[in-house]
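As written, the chains take the letters A, B and C, and residue 1 is the first residue of each chain.
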């Protein structure tokens, strides 16, 4: 695993290390072991997955068809069929939360990638000594604890005492924006925190994918007179497609389940809370405030459907462009 | 031509640098707040530089929680989860990337699907499974389920698909390598950056997860760090200074993990690549 | 001569056996609680160990929401439950209806006659619709108006003006704003919450009546919304929700003239909210002679608890023991729910933070007059809906009758089961 990666293509060290076997018999052995191999490789993963995820998944589907207040015990489940789903879809709060969620997904999600891609490229191509430091700086928001984020951002965003308002005032602008209290400003304020948190994560993902691209490609292009921007667009981007697909899928999945940032920044008891209430927060309230686990499960499956559709669309988008992302 | 290219980067460097400072600021503040007493944190303006209450906050923290015990538990669980995840997910991702087999599509769809449901709905059924297995209050209940991360399989599949050309595998096979050998000696060395990324991400997520321990742990000695720190939070009487001190210390291993894997992530300008 | 020896030996052996049995019988009970209430339990443990050495108490503490979520999870499966559960008022209605806790009116608890020992209004809070008493109260929050005497003096406003009626309260607020620049209150929503609770009598519910009908279009609510809107329109509130950083900072910055809250707020002000303002605050009745309570904590015993006898001992110790209740007062500034504790000498002590006012006597009186209102398991949900509609009224100019009608429709929709 620590072997230096070779520049040469196939048939170098690893093969020399393997014991050569008698061709015919070996080939037969390979044929059957090759058929079985994939199953063996995924087996450990799936055993654990099925044991610990399948049951909760199934339970959640089952639960979505019942009415259940958990404190009353398992026996208190009552069959209601699709009533929960109907209730959720026609619920004004759910509809509003869906709108909020999609808003956040776009406003916080798109910039993450628009900035992360060029940034990763820049770091890969231009930074040598300060590289780790810069990556670290951008990655730090991802590891900052929720408690710290809640406390510090509410201090920064404070209407009367916040640094942001102070800076704005110094620059001649209004100095009393209620960032976390006025609906018009709270949404962007929370979206910024989401962007802040996950930008570095995407940078790291893209950086790791950039390692796969041979630098000689870029050097050759420079010699041919291609400018930096052109190299980025025509060499790096196409080769990054598999990772872009991965990163965007994660953003879709993550943002559509957005819970933490709005929850910790805007106290659920604040008047402005409904304007940043995402579907996941709505689900949480249904489950733990209203005591309606059945509808909460139904909402999670409705959300799941939306995420699945968007992910599939995302996949089609990337497949159509002929991106080579390996076999299968 | 060359001159024009060289000018732009100065602005670029400036932007990147400013961005970095902006992003680090809250992290910096959490350490600053950790050194101030509770009443000072809510001053206006908030403290911008380190204060003198670091030791008293630390003592208060230790008084309230078996802090280092919780730290140890978090470290143990996160490390085990990471190690298991790296192995199982690279194997799984490899299979999905390289082989064609029956049920491949539906199985992968199942993996992806599990990522699309929020964790807190799993609380009750997870609890039921743990009760059944008798794993309540044991660290096993945290790192074994965590060993099968859907994210990991997805990431490894993408990466292996991109970084390992099929010709390489065919050639290895023809030269007599067994399937597992191909995986271990041919493919794994090529996906170092992905392993580094996956390890880092897994460690961070496992470290910060508080819902799983909330469901499974029953005694405060067995809480992981985020759960323990949360248990210090009262709706109206939190010891903020001590809490920030605890949070700051809790973030340090993640920083270390990052720098540890950054070396693996960044191969340097002269490193070769597999495909041209 | 030494027939004594075998008898001594026998006695010694029996003695050892008895001691061993006593030690073996040592029972351990787990008490699940949350901050800040956990401090009360932890402070009580040393005294408990002296009185009941055979019962060991383990206090398990989780964050407020985490704790109630964990209890829900445990109740859902009927396993992993502790022996004693601390419940906050906000979640009490839901847990009371759940059927997961023992009815303390039944033997072996037979807590029927014990009900009189507590402040009157707490008992219906812990009683569910089936008439079962599922918990005993340990602390209460008598609603009081804490105000800054120095700011009021500067504005020429007297306590009587502040408390006589809601209208006079708002008028006083305008004077305060004009003369000192301070806000009358932190959030107009606080005003709304209290006015909603005004004029209630024993046996009435806040949002729902006994039959479960939704009451939110009634005159209490209209008045609450109107007054709240008036306060916001006159710029009398800082729009800072309680316990947010904005709110805590306002106290330090002398920007808030009054705060309506449970009496325990005085303790928080003293300890960390505004320790420098000692002597400047006073405690008074809520305006318009309104009697209400904020929050409250209770202890209950789950049906599936393992050591119920020991749990019951501990429960009685925390709720019925005068010394423990007064200890909580000292440690937490939490006001005792036990009526007997109200007669203690500690009640007479002047409270230094409030300028030497004998505030506890005031709070005792308030506690006695709070009406015993009905609790409904959907109260928390109704509170959320009211908050949302109120925001529509004050921030988006929604019409009050329409807001209340929408609120009623929402609550009925969500309380459909």
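Rule of thumb we're sticking to: contacts are C-beta pairs under 8 Å (C-beta built on N, C-alpha and C of every residue); 3 or more make two chains touch, one makes a residue touch a chain.
Keep in mind the model is a prediction, meaning the values are calculated, not measured.
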{"item": "Winner on C-beta contact pairs when B-C is weighed against A-C", "value": "A-C"}
{"item": "Reference subunit A; chain at largest CA-centroid distance", "value": "C"}
{"item": "Distance between chain centroids, defined by C-alpha means - subunit A, subunit B (Å)", "value": "13"}
{"item": "Inter-chain centre distance, subunit A versus subunit C - centres from mean C-alpha coordinates, in Å", "value": "41"}
{"item": "Subunit B: positions in contact with at least two other chains", "value": "44, 120, 124, 128, 230, 233"}
{"item": "Sequence positions of subunit C contacting 2 or more other chains", "value": "69, 73, 76-77, 243, 245, 249, 253"}
{"item": "Per-residue overlap in subunit A, given as positions that touch at least 2 other chains", "value": "70, 151, 155, 160-161"}
{"item": "Sites on subunit B touched by subunit A in the complex", "value": "1, 4-5, 8-9, 12-13, 16-17, 19-21, 23-24, 26-27, 29-30, 33, 41, 44-46, 88-89, 91-92, 94-101, 104, 107, 111-118, 120-122, 124-126, 128-129, 144-145, 147-148, 150-151, 153-155, 157-168, 171-173, 175-181, 183, 185-186, 188-190, 192-197, 200-201, 204, 208, 226, 229-230, 233, 240, 243-244, 247-248, 250-251, 254-255, 258-259, 262-263, 265-267, 269-276"}
{"item": "Of subunit C, residues touching subunit B in the complex", "value": "30, 34-36, 58, 60-64, 66, 69-70, 73-74, 76-77, 79-80, 243, 245, 248-249, 252-253, 268, 271-272, 275"}
{"item": "Touching residues (chain side subunit A, partner subunit B) in the complex", "value": "1-3, 5-7, 9-11, 14-15, 17-21, 26, 30, 33-35, 37-42, 44-46, 48-49, 51-53, 55-57, 59-60, 70, 119, 122-123, 126, 128, 131-132, 134-149, 151-153, 155-156, 160-161, 163, 166, 196, 199-201, 204-205, 207-209, 211-217, 225, 227-228, 239, 242-243, 245-246, 249-250, 253, 256-257, 259, 280, 283-284, 287, 293, 296-297, 300-301, 303-304, 307-308, 311, 324-328"}
{"item": "Residues on subunit A engaged by subunit C in the complex (per definition of touch)", "value": "67, 69-74, 76, 87, 91-93, 151, 154-155, 158-161, 178, 180-181, 183, 267, 269-272, 274, 285, 288-292"}
{"item": "Footprint of subunit A on subunit C - complex, ascending", "value": "65, 68-69, 71-73, 75-78, 94-95, 97-100, 189, 239, 241-246, 249-250, 253, 255, 377-378, 380-381, 384, 387-388, 390-391, 394-395, 410, 413-414, 417"}
